[in-house]
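Okay, got some structures for you below.
In the two complexes that follow, subunit A is the common piece, with subunit B as its partner first and subunit C second.
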Partner chain A sequence: MSWLTPELGAHLIDLGSAMLLLTCFAIVAQRRLSACVDLFAVQSLCLAMTAAFVAFLTGTKHIYLAAALTVVVKAVIIPRVLRRVIERLNVTRELVMNVNVPASLLICAGLVMVAFFITQPIIPFGHILTRDSLAIALAIVLIGFFTMIARQKAVTQLIAFLVMENGLFLGATAATYGMPLVVELGVFFDVLVAALIAGIYTNRLQDAFDSVDTSRLSELKE
Partner chain B sequence: MERTVWLSIVLTLAQVLLLIAISPGVVGLIRKIKARFQCRRGPTLSQPYADLSKLMRKRPVVSTTTSWIFTATPYVVFGSTLTAGLLVPMFASQVPLNFAGNIIALVYLFAIGAFFLMLAGLDAGSAFGGMGSSREAIIASLTEPAAMMAVFAIALTAGSTNLSVIVHKTALLDGIVADPSPHLLALAALFIVTLAETGRVPVDNPATHLELTMIHEAMLLEYSGRHLALLEWAAAIKLTVFLALLANVFAPWGIATTLTGTALALGLAAFGAKVALLAAIIGTLECMFAKLRLFRLTDLLGAAFILALLGLLLFYILRG
Partner chain C sequence: MSAEWITPAVLVLTLAPLLAAGVSLLVASSRWLHVANLASMGALVVAETLIARSVVARGPVTALGELVYIDALSSLILFIIGTVGLACSLYMRSYMDEQVARGVIAPRRLNVFFCLFHLFVFAMVAATIANSLGVQWVAIEGTTLATTFLIAFWRRRESLEAGWKYLILCSVGISLALFGVVLMYYSSVRVLADAGAGLNITQLQQVAGELDPHILKLAFIFLFVGYGTKVGLAPMHSWLPDAYTEAPAPVAAMLAGVLETVAVYAILRSRGIADQALSPEFTGALLALFGLASFAIAALFLLLQHNYKRLLAYSSIEHMGLAMVGFGVGGAVGTFGGLFHLLNHALAKSLAFFAAGNIHRRYRSVEISEIHGLATVLPGSAAALLISGLALAALPPFALFASELQILTALGSWGLPGDWGRSGPSGPLILLLLCSLVAFASLLIRITGMVWGRAPETVAHGEPWSTGHLSLVLPAALLAVLCWALPGPLERLLQTATSILIHR
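Up next, the complex of A and B:
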C-alpha cells in the first residue's frame, strides 16, 4: 500500500467527515419524513466508511466491527423501523416547524462556527488523522440537538437524536480511535433499543392524539 | 515566442469550436436519459442540432413595440456566454485567455447575459416575459452570493482566483484535491448553483413552454428564428461550461497539463467522459425530483449559500 500515504489517508477521513456534515444539512433542509430517513441511512453509511478508514489506517481491528455494526444497525435496521412507523402514520412531511427552514440553516451554520471555534485550540494537540473530524463531530452533535428542538414531529426528533449519536460516534472514532469494544457494543444496543422504544411511543402518540406532534404532550394533565 | 502565440490562438479557437459543437449534444444527452427513464425512446442525440439549424434558417419576428435591447440581447447573451466559456479549462489545464480574467470575471460574465435576458423579457411588454424576468431576478440574486462564496472557498485553498492555476495545481497533484472538506462543501453548493443557473429541474423545468411556472422559457417566449436559436444555443453552452467547471475544478483527472499531442488527446477524451457523466447525473436527478414551488426555492438556494459559507469558514477557522 505504498500509494496510501498518511497524508492521503487523513484527506479521506476529512472527506468522510465532510460528507457527514453535508448530509446533516440535507436533513435540516428536508421536509419529507421518508427522505429524512433515507438521508439518515446515507449518513450512517458515510460514518461506517469513515470509521473503516480510521481502522485501516491505524490498524485498530475492533473499529472494523463497530463500522460493520453501524451499517447493520443504523443503515438497515433503524431506517426500516422508521419507515414502518411513517407508513403507519398519516403524515408525510413536516408542515409546521418551530423554526422555518432558512432560519434553521442559518442557525446551524452558526452552530458549526461555534463548534469550529471551540475545537480549534484542541486540534493541534491531536493526531494528524483528526484534523477536521473533531470539529465536524461536535458540529453534528450541536445540529442534531438543535433539530430536536426545532421540529415538532416525533419522527423527525427521533432522527435528530440518531444524528446526534452519529456525531458522537464520529468524535469518538476520530479523536481516540474508538472506545473499548464493550462500550461501543453497549452504545449500539442502547441506540437500537432507544429507536425501537421511540418508534412504539410514536405509534402510541398517534393512537392517543391522532397526531405525532410532541407539543401536544403539554396537554397531559391530571 | 512566435510559436507560443500561434499555439495559444489555435487552442483558443479549438476551445470555441469545441464548446459550440458539443453543447447541443449535451442537452440532447440529458433529454435522451430523461426519456429512457420515462420508458420513452426519446429523440436522437442530433435532434438539438436539427432544431438549431431549422431555427437558424427562419426569419425572426420582432414586435414593433420593442427597443434595440430586444434585438441586441441574443448576440450579447451568446457572446458573453462564449467568452465565459473561454475562461474555464476544458481539455487543457492552461487556458490561453487566463490572463484576461479569473473565476470572478466568469461569474459576472454570466451575470451580464442574465441581466440582458431579463431586460429583453420585460422589453416586449408581454405578461409572461415580465413574470419570467422577475423570477429570474429572484433566483439570480439568491444564486450569486452562493456562487461567489463557493468560488472563494475553492480559490483560497488553491491560493489563486485564476481558474487555470486552480485546475493546473490540482491536476499536478494527480487529481488529489488538496483540501477535501472545504472542497466538498463548495462542490455541493456549486452543484445547486449549476442547477439554478442553467434552469434545470428543482428550480425550473426546461421541457415546458407555456406553463405558468416557467422561468427561463418565459423570457424567451417573444423570440423566434435565429434569435431564438442563438439564445437556446447560449443556454446549452452555459450548461456545458458549468459542467466543465464542476468536472475540472473538483476532479481534474486526465486533463492535459502539457501541450503534447497525446496529452491533449487524452484530455479531450477525459473531458468528454466527465461531461457526459455529469449530464447523466443531472438527467437522473431530473427524473427523481419534482420541481420545487417558487417560494420553496429559498430553502434550496439558502442551503447552497450556507454550505459555501461553511466551506470558506472551514478554511479560515481550521487552517487559519
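Up next, the complex of A and C:
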C-alpha cells in the first residue's frame, strides 16, 4: 500500500484520538443521562476503531483482540447495563451540577492544555505513528477525573470513570502498541466487574436513599 | 527446601484462597465455612513459610513461567497477610455466627461473605507475588472490587455510602496508577527487545538504569498517587475512616492490617525501579513529605474523634504516614524501621479492630462516650484494647515502640532527602514528635476512659473463653515479644528485604 505512508497513518490515528477527545467534551456538555450513555458508546466505538487501525498499521495482532473486546464490553454490554439502570431509576437529567456547562467546558479545555504541557518532555520518545495520542490520552483521563468531581448523579460518575478507562486504554494502545495481553485482559475484566458492581450499587442506593444523587450521601461526617 | 518445591508452594498460595472461595458458595452449614476458611489460611501460612525460608537462603525465585516473582520483600508481605489472615479466621468464627444468630444477616449471606473474603485474600496474594507490574495493578483493583460489598455488608444507609465512596475513590485513584503503569511500559519497550516482558519486575530491574528519567519521574508520580489513595495517605484518605467504621470487624482488621501494607508494597516495588534511573532523593522526598503530611493531619483528626472505630482508622493513616517517612528517609535504619513498622502496625491494628468488634457487639454503640467499664464487662477484650492502644501509642514494651524509634533515629540522623533536608533534620523531627504526642494523648485518654469507669447496667457482664480469643492472644503476644527479641529467621527476612530496597 504505497499511498499509506507513515505520515498519513499518524494523521489518521490522531484523527481517531481527537474524535475520542471530542466525545469527552460532548459528555461534559450533555445533561440528559441517556444521551451521555450513547455518547460513551460512540466514544468506545471510536476507541475500538483507533485501536484496530493501530493494529493494522503496526501488524500487532493482539490489539485486534483488544479492539474486539472494547466493542463487546464497552460499546454493547456496559451501555446496555447503564440504560437499564437509568430506566429503573427513573432519572433522566442531571439537574444539579457543581460546575455549570460553560464553565466545565472551559475547565476541560484548560485540562487539555495541561495534559499537553505535562507530556511535552516525553513525547519525542514515542513511536512516530502515535506521538500525540499520549497527550490526548492524558487529557481524556483528566477530563474524566474532573467530571467525577463536577457531577453528582451516581450514573454520571460511573460514566466519567469509564471515560477515564477509555483514555487509559488509548494511552496503552497508541503510545506503546498495546500492553502485554494478560494485562489487557485483566484490565478489561476489572472494568467490566467495576461497572456491574456500580450498577448494583445504584439500585441499592436508590432503595436506601430514594435517590442516586451522591450529594445526599452525607450521613458520614466528622 | 529445594527449588522444585517452589512451584507447588506457589500453587498452594494461589489456589488455596480460590478453592476456599468456591467451596464457600457450595456448603450449607456455617461449620464447614469456618473449616474451609481455617484450612485455606493454614495452607497459606505453611506455603509462605516454606517459600520465605527458601528465599532467605537462596535468593529470589520465579515460578509458573516468569509469572510469579518472589523475593524477601514479597515474602515479608506474604508473612503479614498470612499472620493477620489466620488471626482473622479464628476471630470470624464467633463474630459471624453471632451475627447470624442475632438475625442481622440471613445464613445464606454468610456464604457470600466468605466467598468475597477469600477472593479478597487471593487478590492480595496475587498482587504480592505478581512479576508483572500490570498484573499487580489488576490484582490491586481486584481487592477494591472484592471488598466494596464486604464494607457495605450490613446494607445500612451508612454502610452503602461508605462502600460506594470506597469503590469510586479507590477505582479512580488506581486508574491514575494504571496511567503510571502505561508510562512505565512506554519507557521500557524502547529498551527491551521482548515487549511481552516489558512490565516484568525481573526484566525492569536489569535495565532500569537505561530507562528514560523523564518518563519514569512522571510514571512514579502517577503510581504513587494511585496506590497512595489505597494506602490512605493524606489528602487522598477521605474514604478510609468511613470504610473502616462501616466494615464488619474482621474485614476492617484485614483492610487496616493487610491491604494498606500490600498497597505500600506496590509503591515500594515501582520505587525500586524508578530509583535506579532517577536520583533516590526524588522518590524519597515524595514519600517522606506525603508521609509527614499524613502523620500530622491524622494526629490532628485523632483529637476530634468520638467514635472509636474512626479513632482507629485515623491512627492507621498516622502509622502508614510514619512508615512512609521511614522509607523516604531511607538508609538501612529507616528502611528496616519502615518494614518492621508495617509488620507491627498490622498486628496492633488487627488486634484493636478485633477488640472493637467485641465491644460493638456487646454495647451496640460506636460512641466513645457510651462505653465505660470494659474491664468488668469484657475483661479479655478490654485487655486487648488496652494493649493495642498502648502499642499504637508506641509505648514500650510493644514492638511499635522499637520501629518508631528506628524511624525517628533515621530522620534525626539524616533529615529529609534532597533539598528538603537542607535546613537540617530538627524541623521535621520536632513536628513528628509533637504530632506523636498529640496522637499519644488522644488515643490513651479515649481508651482508658473506655476501659475503666462505671459499666452501664443494661449491658451483660462477663466474657467466657472461646477459640475467638486466640485471635486476641496471638497478635498481643507477638507485639510484646517482637519488641525485645526478633527471632532469627524473621530478622534475616527483614534484613534481606531492607537490602533489596536500599540497593542502588
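In this text, the second predicted complex is superposed on the first by the 219 of 222 C-alpha atoms of A that agree within 3 Å, B and C clash if a C-alpha of one lies under 4 Å from a C-alpha of the other, contacts with A are read in each partner's own complex, and residues count from 1 in each chain.
The rule is simple: contacts are C-beta pairs under 8 Å (C-beta built on N, C-alpha and C of every residue); 3 or more make two chains touch, one makes a residue touch a chain.
This one's a predicted model, so the numbers in the text were calculated from it and none came from an experiment.
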{"item": "Clash or fit (per the criteria above) of subunit B with subunit C on subunit A", "value": "fit"}
{"item": "Contacts of A:N98 with subunit B and subunit C, given as first, second, both or neither", "value": "neither"}
{"item": "Touching partner for A:N90 - first (subunit B), second (subunit C), both, neither", "value": "neither"}
{"item": "Contacts of A:L138 with subunit B and subunit C, given as first, second, both or neither", "value": "second"}
{"item": "Spatial angle subunit C-subunit A-subunit B, Cα centroids [nearest 10 degrees]", "value": "160"}
{"item": "Touched partner set for A:V182, first subunit B, second subunit C, both or neither", "value": "second"}
{"item": "Partner chain in contact with A:A172 - subunit B first, subunit C second, else both or neither", "value": "second"}
{"item": "Contact breadth on subunit A, by residue count: subunit C or subunit B", "value": "C"}
{"item": "Per-pair minimum CA distance [subunit C against subunit B, superposed on A] in Å", "value": "17"}
{"item": "Residue ranges of subunit B in contact with subunit A within the complex", "value": "176-177, 180-181, 184-185, 188, 298-300, 302-303, 306-307, 309-310, 313-314, 317-318"}
{"item": "Subunit B-touching residues of subunit A, taken from the complex the two chains share", "value": "8, 11-12, 14-15, 17-19, 21-22, 25-26, 29, 101-102, 105-106, 108-109, 112-113, 116-117, 120, 123, 131-132, 135-136"}
{"item": "Residues on subunit C engaged by subunit A in the complex (per definition of touch)", "value": "132, 134-135, 137-138, 141-142, 144-145, 148-149, 152, 155-158, 160-165, 167-168, 171-172, 175-176, 178-179, 181-183, 185-187, 189-190, 195-199, 212, 214-215, 218, 241-242, 245-246, 301, 304"}
{"item": "Subunit A - residues contacting subunit C, complex", "value": "118-119, 121-122, 125-126, 134, 137-138, 141, 145, 148, 154, 157, 161, 164-165, 168, 171-172, 175-177, 179-183, 186-187, 189-190, 193-194, 197-198, 201, 204-205, 208-209, 214, 217, 219-220, 222"}
